[in-house]
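Each of the two complexes below includes chain A, the first together with chain B, the second together with chain C.
What follows is the complex of A and B.
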């Protein structure tokens, strides 16, 4: 019975702490986590499609650049890339600003934390998205591309009317995986000071000494975000692949 | 020079008399293997030319060289009298000099493929209007109207909102022929249009092709359908090992095969 009343006490403490303002802070943390993930995914989509195009190119030089990109950014720890962009970026920005005299010789120009973070996570996400796009492009039926050429479509028309819709359709399941990876990577940019879910949970845990409570809550919230995205991507997949599933 | 001769000379050079397709001395290698060893062909308006040959004879490659899906190593291709301009690339291979010209000419040469190659993410109707609206830049409403009429003609109007993978091979190929017709092409190129079909579906496709021939369309048809070659086409061309073995009117060709190779070829079919 003592155990139960103890548990009850734990719950009421948790409730008080969350109601005292940490709950709202955590909700903001979710908003920032989603913002970081969405922006990183978009940066990754642009980079990923360029890298995929490079990897599929006939030119050896471009292929080498594409291969190197995916090898490096999938092979390095995410945290290292984030440090590199955030602290390295700060060093570069400061150096440039000092040499042009826009700041004093002892001043420091910080890399904006959101920008540095989403660039780093976006670049990593781009490496994974490049693989997804490349695989999807290779899965397009060659004859359909040939038909587009035979009907006089320019390279741009073929890209817009045949390649993009088909790559998107084939890429949806793979992009769902990258989205989950990117949500998890977004936790790492807490080191740059973006008040996303991880950093908020950290602050709450330290200032209230309720680590178990706040990390558990944050863990549940991450799980909710990743699990909600699964059915959304499944629905998107059903929609985009409707031409391959029998009509009812 | 009498007036008659002058008139005849003028008629000979008038646009009506220009060959719809003129191919001269086409050569093409894949690696060390020479697939086309100097092929020439002329198709006039209204001609239906069946191109026969065993597999590996180069017939599909020849057809694909006409719309530059394959780049010939040498030789010239004219469409409606217009020469497709070629240039040497840095590695010494021939390539189209002006891709815009190639795209414009391709739009006049609608191709029907062995494996249909309909765009699988578009409905049948969208397949028919995609190229006319985007390549020929015709108004969408007009294209839709024409597309519906063409689908009625090939007998699959009820399937206009289906996606190609949901239809039978015969229906897909008829949709592909309608897609070709939607371009109002000067010449239609058929690359073994019935070879991928189940035997019971061949008839419906051949019926459509026969009706096109009857309305005077210019068609180059690479095929294994001896019946079509004999009864529908105006000319038969037999390729053997990358060369034109024999050309002639179908009734002569089939009644008295001009070469032992062609005789052997039709004998194998009649077995």
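What follows is the complex of A and C.
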């Protein structure tokens, strides 16, 4: 049983290493991962609803923009989008700062890594959320919108009282999926240097030479995050559809 | 606009396309084999098999592919028995094989769920009819269940394949010079990330669009029974006199 003794040797040091400070670091990593995910989801929600509106628009131009957005950002590797915003942002910022003379002609103005990462992940998340919102809107019963119009509701009132509550109710399961995707995408922004869970695990693995331990712990923590969110979204689903439950 | 730069970048990135496709193909092929095994295990009705597949799907769908890749590439080599194994070590010390293994294990979890859903969606009436015809279990599976289930699984499967194309880019973080890795290198050399990444992005997008188109075509070919019948008038449309 060479394997078992090996495993035991690997994991006997686990407690020591985690107690020696890496445990706290990993908890901070979780906090950053959640921060990245939440901010990205919010950016994605704003972009997603705008893009969904564009895709549902009667104007061909807007529809084309919406279609292109969802096709491009769901079709590109996430890593590429993240590099584009991080390094591309640096390129733009440096160019602007050099031309205004606020930095020297050989200096570089770096894109803040959190901002770059969150923008990239948020835009990807927005592409998926747009599809969720669009599907939910299409699932609203036409008669409800007609009835609202027949009552003489203004466009804003219709949006606030009829469309939003129903889209939210129908979108919750889809948003749950996007949330899971976004948590997993947030691991990729470790490449830009945001000290989220993945990067913390990386640092720990490199400096202690216990990669197996730290990547396993990171994997378990991601599993905890994704599985905790399932009941939360189920609760949200029950809450948003509380007026739609039918007696069995 | 520096057209020469775009063209030369495009060409350099395109030269890495075969490597990307290699990772993509083997990841998908091995993934399909594992997924078939998992689906069979899940459908076999053994309690233990069901627990195993449930745990497998939970683990591989719930954590990021990057963690799985690092765990396989950096983590497993910590075991002495892996380093001393004549079979495992040549596979696990090579970043290319590690990427393929990680992708295959990851996609198998998603695919086995797709296949399970497709198997469950086969109409019961079809299977009952096959039974009534006296087909053996194998014939029933080969002629009725499998063709229907494959057809039902196709749309979700094509989405998964596109996710796999995107996942090949992760190979660049373990030093593989596929398209993403090549683009990264050019970007570092020239410090023109926007131009370089746009070139790579165009190639990835075209690749994914053609894969989507291919699957749409296969789907169309496989569902002649779902298409509306051609209009009678169109069939006997006279040849225009003036050509």
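As a working rule, the second predicted complex is superposed on the first by the 234 of 248 C-alpha atoms of A that agree within 3 Å, B and C clash if a C-alpha of one lies under 4 Å from a C-alpha of the other, contacts with A are read in each partner's own complex, and residues count from 1 in each chain.
In the analysis below, a residue touches a chain if its C-beta (ideal position, glycine included) is under 8 Å from a C-beta of that chain, and two chains touch if they have at least 3 such contacts.
Because the structure is a prediction, the values reported are computed rather than measured.
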| item | value |
| --- | --- |
| Chain B versus chain C as contact partner of A:149, first or second or both or neither | first |
| Which of chain B and chain C A:157 touches, first, second, both or neither | first |
| Partner chain in contact with A:72 - chain B first, chain C second, else both or neither | second |
| Chain B versus chain C as contact partner of A:87, first or second or both or neither | second |
| Chain A: partner with more touched residues, chain B or chain C | C |
| Chain B versus chain C as contact partner of A:39, first or second or both or neither | neither |
| Contacts of A:132 with chain B and chain C, given as first, second, both or neither | neither |
| Set intersection of chain A contacts, chain C complex versus chain B complex | none |
| Residues on chain A engaged by chain C in the complex (per definition of touch) | 2-3, 6-7, 10, 71-72, 75-80, 83-84, 87-88, 90-92, 180, 183-185, 187-188, 190-191, 198, 201-202, 205, 210-212, 215-216, 218-219, 222-223, 226-227 |
| Residues of chain C defined as touching chain A within the complex | 58-59, 62-68, 70-71, 74-81, 162, 165-170, 172-173, 180, 183-184, 187, 191-194, 197-198, 200-201, 204-205, 208-209 |
| Interface residues, chain A side, partner chain B - complex | 141, 143-144, 146-154, 157, 161-162, 165-166, 169, 242-244, 246-247 |
| Complex contacts: residues of chain B adjacent to chain A | 67, 69, 99, 103-107, 109-111, 113, 115-123, 130-131, 134-135, 162-166, 179, 183 |
